[in-house]
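Next up: some structures, all given as structure tokens.
In the two complexes below, chain A is the common chain; its partner is chain B in one and chain C in the other.
Showing the complex of A and B:
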């Protein structure tokens, strides 16, 4: 089994490809149906943000291990405009869908951890992980 | 989670067997438990899916995909639910901070109410929310008593923050406390310099000379005070022209005066007291005056409390603004 793989996000349909890849990986690692759905949804949100705000980017998915823990790590990377105020976008209610729970705070809650690195005009890298329980 | 699975399986199996109302009631209690334990919708569907699989093993293969699809859809409801929970938590934190702020403010804005044999003073100031945008400040000197009634236009936290500034301004000018024009003039400049243009502060500043029974006052855009003349059994407005604080730095304030006779009453209010319009036909000041008249014989503090309880009731216990009243009664 391949430990790493990635999808370039160029068109909207690449979001679907990223979802598919994430779901397959999550299944291989051993996540149940519900967590597969959560992981896929998180990937979908990140890929959609790349498509909407950065135009192009890359979703990278890998299997991770730490001691006897197994998990999945997703890195969403783009060279887009960057996020001006990272703290703000992590506040509930900031996303344009406001109050529907979607957006980055929602992604954070679906996963075990999320890390955002962003620089204006340089790009954004968002890393999310979830451990198998 | 495993205990929930077992329990749910049993409830569902019972229901499939006998469709009793009792089982549905047990189900309802089970859902309460799920909600209490923050189980999200996608987990509930998954719970159901597993139970159905055990109860109908033969037919299940055809249904599995439909359940998986529903789980996928429900993930979004789960996200909304978790956001809701996190917002509730945040709200509770803000609420707690507000309560602490309100206590800090209460301590900070406490002002002892002066009185002696010739003058009876009452005061009541109730914030609409937990922090107050009204402020009453007394200074009790051997020769005089001065009173400032302040209203920051606006409510809640911004108004309360402004209030602290007014308090410290008043306290730093205690040696001028007998001089309304001077106090208002200085405060006007402080406010003009320190507060942004969207905030307005009105103030009624009065001073009572004990020996003479003379009350003189000036006003910065504040609601006129009421004067009840006992001998004439009539109400007058204590009006004084003057601009709100903080608008024009060079504003000058002018004093007016009245000589108080025994039984005369001065009532200084903020507009939370007089603005309770239900329709345009009531003259609110008339209503307040007649309430004062009803209880003019009572002690000053009781008059304040009577006004509050009557006006609160008139507004169906939903006041629209901070509410402050000072009653000064010559006895």
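Showing the complex of A and C:
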């Protein structure tokens, strides 16, 4: 099995491709149906953010291991406008798109951890992980 | 390349079962199809069955929620049925509650509920 794969996000069809890849990876790693749905949904939200705000970028999906723990790591990377106030986008109900998308707090709740690196006019990298229980 | 979501008329209800993963365009097309079918058939109720949907993100949830609100505005009663546990869990964790939507455990219970609401 390939440990790493990635999907370029350019059109809205790529959002579908990214989440399908994520679901397949999650299944291969051994996640149950609920976690598969969580991972698929989180990827879909991040891919949509790229498509909406940055126009293009990529979603990188990786099988990770730490000791005897197995998990999945997803990196969503774009060279878009960046996030002005990272703390603010992590508040529930904050949106700049007028209500489209549940936002990053929702994605964070679906996963075990989330890390955001962003620089204005340079881009954003969001890393999310989930461990197999 | 998009597949259409089939919308069937049964007495004065429309039965809709989403059987595959919706992409953005399919979801938008579904919204318009449902409303025009409602207008054409003068159906009184809609059962929207999601038994086969194994994932829903905020966009698809919004399109479906909007479609239900629009159909309600037009005068139809709508019941959403068959949501899988994994979909219910992810929607609520994501922060999407669809509070105003009438729901039932499965298609059969949804039809019964709709008949009651319509006073049949």
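Methods note: the second predicted complex is superposed on the first by the 127 of 133 C-alpha atoms of A that agree within 3 Å, B and C clash if a C-alpha of one lies under 4 Å from a C-alpha of the other, contacts with A are read in each partner's own complex, and residues count from 1 in each chain.
Everything below uses one rule, namely that a contact is a pair of C-beta atoms (placed from the backbone, for glycine too) under 8 Å apart; a residue touches a chain by one contact, two chains touch by 3 or more.
Values in this document were obtained by computation on a predicted structure and should not be read as measured data.
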Point to revise | Superposition on chain A - do chain B and chain C clash or fit | key: clash
Review point. Between chain B and chain C, which makes contact with more of the residues in chain A?
Key: C
Check your understanding: What is the contact status of A:105 with respect to chain B (first) and chain C (second): first, second, both, or neither?
Key -> both
**Study point:** First (chain B), second (chain C), both or neither touched by A:38
**Key:** both
**Study point:** Partner chain(s) touched by A:92 [first = chain B, second = chain C, both, neither]
**Key:** both
Practice item. Could you say whether A:122 touches chain B, chain C, both of them, or neither, answering first, second, both or neither? Key: neither
Practice item. May I ask you to decide whether A:69 touches chain B, chain C, both, or neither, giving the answer as first, second, both or neither? Key: neither
Review point. Of the stretches 9-17, 63-71, 261-269 or 315-323, which one of chain B hits chain C?
Key: 63-71
Check your understanding: What residues on chain A does chain C touch that chain B touches too?
Key -> 33-34, 37-38, 40-41, 92, 99-102, 105-106, 109-110
Study note, to complete from the structure: Note: in the complex, chain A contacts chain B through residues 32-34, 37-38, 40-41, 92-93, 99-102, 105-106, 109-110
Point to revise | In the complex with chain A, residue positions of chain C that touch it | key: 21, 23-25, 54-59, 62, 84-87, 89-90, 93-96
Review point. In the complex of these two chains, what residues of chain B are touching chain A?
Key: 42-43, 46, 49, 68, 71-72, 74-76, 78-84, 86-87, 90
**Study point:** Residue ranges of chain A in contact with chain C within the complex
**Key:** 12-13, 15-16, 19-20, 23, 33-34, 36-38, 40-41, 44-45, 48, 92, 99-103, 105-107, 109-110
